[in-house]
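The two complexes that follow have chain A in common; it is paired with chain B in the first and with chain C in the second.
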Partner chain A sequence: MEVYRTCLEKVLAGVPTTLSLTLWSVLLALLLGILLSFGVLSKWTPVRMLFSVLCSFLKGIPILIFLYVFHTAIDGIMGGIDHLFAFYTYDIRKPPTYIFAVFALALSYAPYMCDMITTALHTIPKGQWEACDAGGFTAWQKMTRIIIPQCVVIAIPNFGNHFVNLLKASSLACMVTIMEMMGEARNYATMSQRFLECYIVCAICYWVIFIVFEQAFRLLEKRAGRYLQPGVPIARRRRKLFHMTNTQEGIFEEVK
Partner chain B sequence: MPEERMLSIKNVYKHFGDNNVLNGVNIEVNKGEVVVILGPSGSGKTTMLRCINFLEQANEGSITVNAYTVGAKEKSKKKIRNLRRKTAMVFQQYNLFRNRTAVENVMEGLVVVKKMHKEEARKKAEKALADVGLLEKKDFYPSQLSGGQQQRVGIARALVMEPDLLLFDEPTSALDPELVGEVLSCIRKVAKTGITMMIVTHEIAFAKEAATRVIFMEGGVVVEDGTPEEVIDHPKTERTQEFLARINA
Partner chain C sequence: MKKSLEIVWKYLPALLESLPTTLYMLVISVFIAAILGFFLAWAKIGKNPLLKGLSSVFISFMRGTPMMVQLLLIFIWIPLICNDNGISTNTWDPIIYALISFSLNMAAFFAEIFRSAYIALDYKQIEAAQSLGMGPLQTFRRVILPQGAASALPNLTNMSLELMKNTSIAAVIGVYDILGKAQQLVKNNYGVGQLELYITVGVIFWIMGLLILFVSNLVTRRLNKGNPAMQTKKLFAAKG
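So, the complex of A and B:
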């Protein structure tokens, strides 16, 4: 039992790193995905082709290779930047491995985010665009007020999938010395020579975190997509609740 | 009283690939006229209507709405937008903003395009919804409304912008038969307010009583143009006669 407990402690110590790694990579991947989607949806065929090829390239490469390549290139890149801007502050003994791991994960997930965005855009009915156009909206007003809000709702389930996938993929970062959950588990396993126990504990921890996020996204999906479901309008329901808890009359009715 | 010209369509041509849909359409509409456009399917009436607010871009010709002209050859995004802001459209498929409640749908244009203050816009929108008899549904999302109700919200959304020209693109074609009546009576009420309207429809009976003028189109040109009595009851051309006979049969 002792092994399990110590291992659990170690793995839990790695949770913040896993979460922050996942979060930053997801955000960066989303940002890159948005940029990619501009290219993929471009009016100019050469640009479109270029970005499609880029997407396919990024998609086709295993995450682990991204991690290794970036890891290998750290000193080169950082040293180059250091020279270029004449900072002369880069300490070769403290490479920013974490940031490069974030980039590696983000790059491999950016094309998926791009796909997610373009798919969502294509599912918005043509009539929604036309209603904006006919009303004399500018392109910006059309996108920010009508199209993107609807896209976000459509993309939530997909985004949730990518998020939990990336959460699991972040375990690969232990291969480039980042001490997240998997790194901690591996480290302790080597130390204690109790591999199976350590990996089982780590697996269960991942599963628990997975469940939390899965449920969170399911809830978000339900709430954000409420306008697509027939039924009693939300605005009204909320007001009624407010009414009941705030006036004598309301409470009285409730008791009756 | 001198007649005020609200819309002129001059020599508009439109083709999709090899398919010539509009072959030189010329229509002039004065202020306050309620124009119903009839014609067999494929006659280009919907395309013509969509060319007015540039949802379809004509290949040739020009559109003038209330003295603002945009030509097919000298158009820009800004000019098209300005023209569109003089018109409003009611769609066959309603096209209400799905992420907005009924009242928010009506407010949207006021807030976004007319830069009206939110509270003021809401008041105006609620009044417009009351006009189409849907005030009690103001917090419902489009998915929670029937087709007829959605279309009435669509009409309120168009009306609240106080357009110079109101365009209806087959407003009842997507509706269940029992819901057509409520929408038509709503349009009838709007027609009485003196706003200039152009309606593409298949409802001959409605055209007869609500329109001040009927245009019959076929093959991408205007075939007949006159009062409802002239066009529907006493059509001059053979093609109009054929069409009406087929519909009445």
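So, the complex of A and C:
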């Protein structure tokens, strides 16, 4: 039992690293995905083809290889930047592995984010785009007021999936010397020679975090999509609005 | 640049030599996972509460933990169990543990895909089949399977592609798949040309994935022959 407790402490010490790694890489992946989706939805065929191929290429490479490539390239990239801008402050003994791991994870999930965005955009009926144009909306107004609010609701389940997958994939970052949950567990396992116990504890911790995030995203999905659900909620909402506006004016007070 | 290309050219045959290991892991795991996943889905759809609960917990665990943790768990656990029961695992190839782990993991995902394909099926069709006097087996073979396969195949392909990428994790436990081979070569060269080697491995994985997608899209097109709305036009694009 002693082993389990010590190991749990060790693994819990790695939870903040795992979560921050996941969060930053999801944000970066979303940003990269938006950039990629601009390319994929471009009007010019060569640009579109180029970005499609890029997406498929990024999608086809294992995450482990991204991590290894970025980890290998740290010294080259950082040293290059250092010389280019003449900082001469890069300490080769302390490479920024964390940032490069974030970039690697983000890059491997960017095409999925791009897919998510493009499918969400395609679900908006064409009539709405045309209605916006007819209503004299500028492109910015069209996107921010009509299209994006609907896209976000549609994309939430997919986004939750990718988030949770990324959370799991961040365990691979222990292969490039980042001490998140898996790294701590491996470290403690080799130190105490109690491999089975450590991995069991680690698995259970991941499972708990997975369930928490899954349920959170399910709730979020329900909350965001409450006007999309068929039947009751939208009708109730409408009636409430009707009731409120009319009572303010003092007419139809009896209507329910 | 020229030096990099030389390194790639020099070690490409060695990398391609270990391509069969990756494919072997992929094919065997997908095959076992399809069978296991079918039974899991059957247990989850069925009415037996015990089986339902067990399969739900199994699926949740397999989906909720990273593949690397599962792989290492199996890699540690199975030798312990076997050696306690008098079976020596000293001569086992680590690929066996990779196979077990990947098949169990994929079985959970496949079960979910099969279940969603079954749910997507209109229940009236099953009722119609029953009213025509078909037995459960006959209903499955003639009504559920043809439609379910067509709707499940794109998802299955996506999952298989994920697995193909994830087989590279097996390098962690010492399987000489492409990544394992690349790591070995890097170690032999004291780290010379590791960037080039890793990028080459990535490109090999990409090409392999494109080929799998191509075949799957051909099969999907064939399965959806009677359903023009579901026709795939782009053969190299992922669906689902």
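To be clear about the criterion, the second predicted complex is superposed on the first by the 229 of 256 C-alpha atoms of A that agree within 3 Å, B and C clash if a C-alpha of one lies under 4 Å from a C-alpha of the other, contacts with A are read in each partner's own complex, and residues count from 1 in each chain.
Here is the rule we go by: a residue touches a chain if its C-beta (ideal position, glycine included) is under 8 Å from a C-beta of that chain, and two chains touch if they have at least 3 such contacts.
Computed from a predicted model, the values in this text were never measured in an experiment.
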item	value
When chain B and chain C are modelled together on chain A, clash or fit	fit
Partner chain in contact with A:Met182 - chain B first, chain C second, else both or neither	second
Which of chain B and chain C A:Pro46 touches, first, second, both or neither	neither
Contacts of A:Tyr206 with chain B and chain C, given as first, second, both or neither	second
First, second, both or neither for A:Val153, with chain B first and chain C second	first
Larger contact residue set on chain A - chain B or chain C	C
Partner chain in contact with A:Thr72 - chain B first, chain C second, else both or neither	second
First (chain B), second (chain C), both or neither touched by A:Tyr227	first
Chain B versus chain C as contact partner of A:Leu196, first or second or both or neither	second
Smallest separation in angstrom, by C-alpha atoms, between chain B and chain C in the superposition	21
Chain A residues touching chain B - in the complex, by the definition given at the top	125, 127-128, 130-131, 133-139, 141, 145-146, 149-150, 153, 226-231, 233, 235-236
Partner chain A, residues of chain C touching it in the complex	60-61, 63-70, 72-73, 76-77, 80, 161, 165-166, 168-169, 171-172, 179, 194-195, 198-199, 201-202, 205-210, 236-238
Residue ranges of chain B touching chain A (in the complex, touch as defined)	53, 55, 77, 81-82, 84-85, 87-89, 91, 93-101, 108-109, 112-113, 139-144, 161
Interface residues, chain A side, partner chain C - complex	52, 56-57, 59-66, 68-69, 72-73, 76, 115, 168-169, 171-172, 174-175, 182, 195-196, 199-200, 202-203, 206-207, 210-211, 214
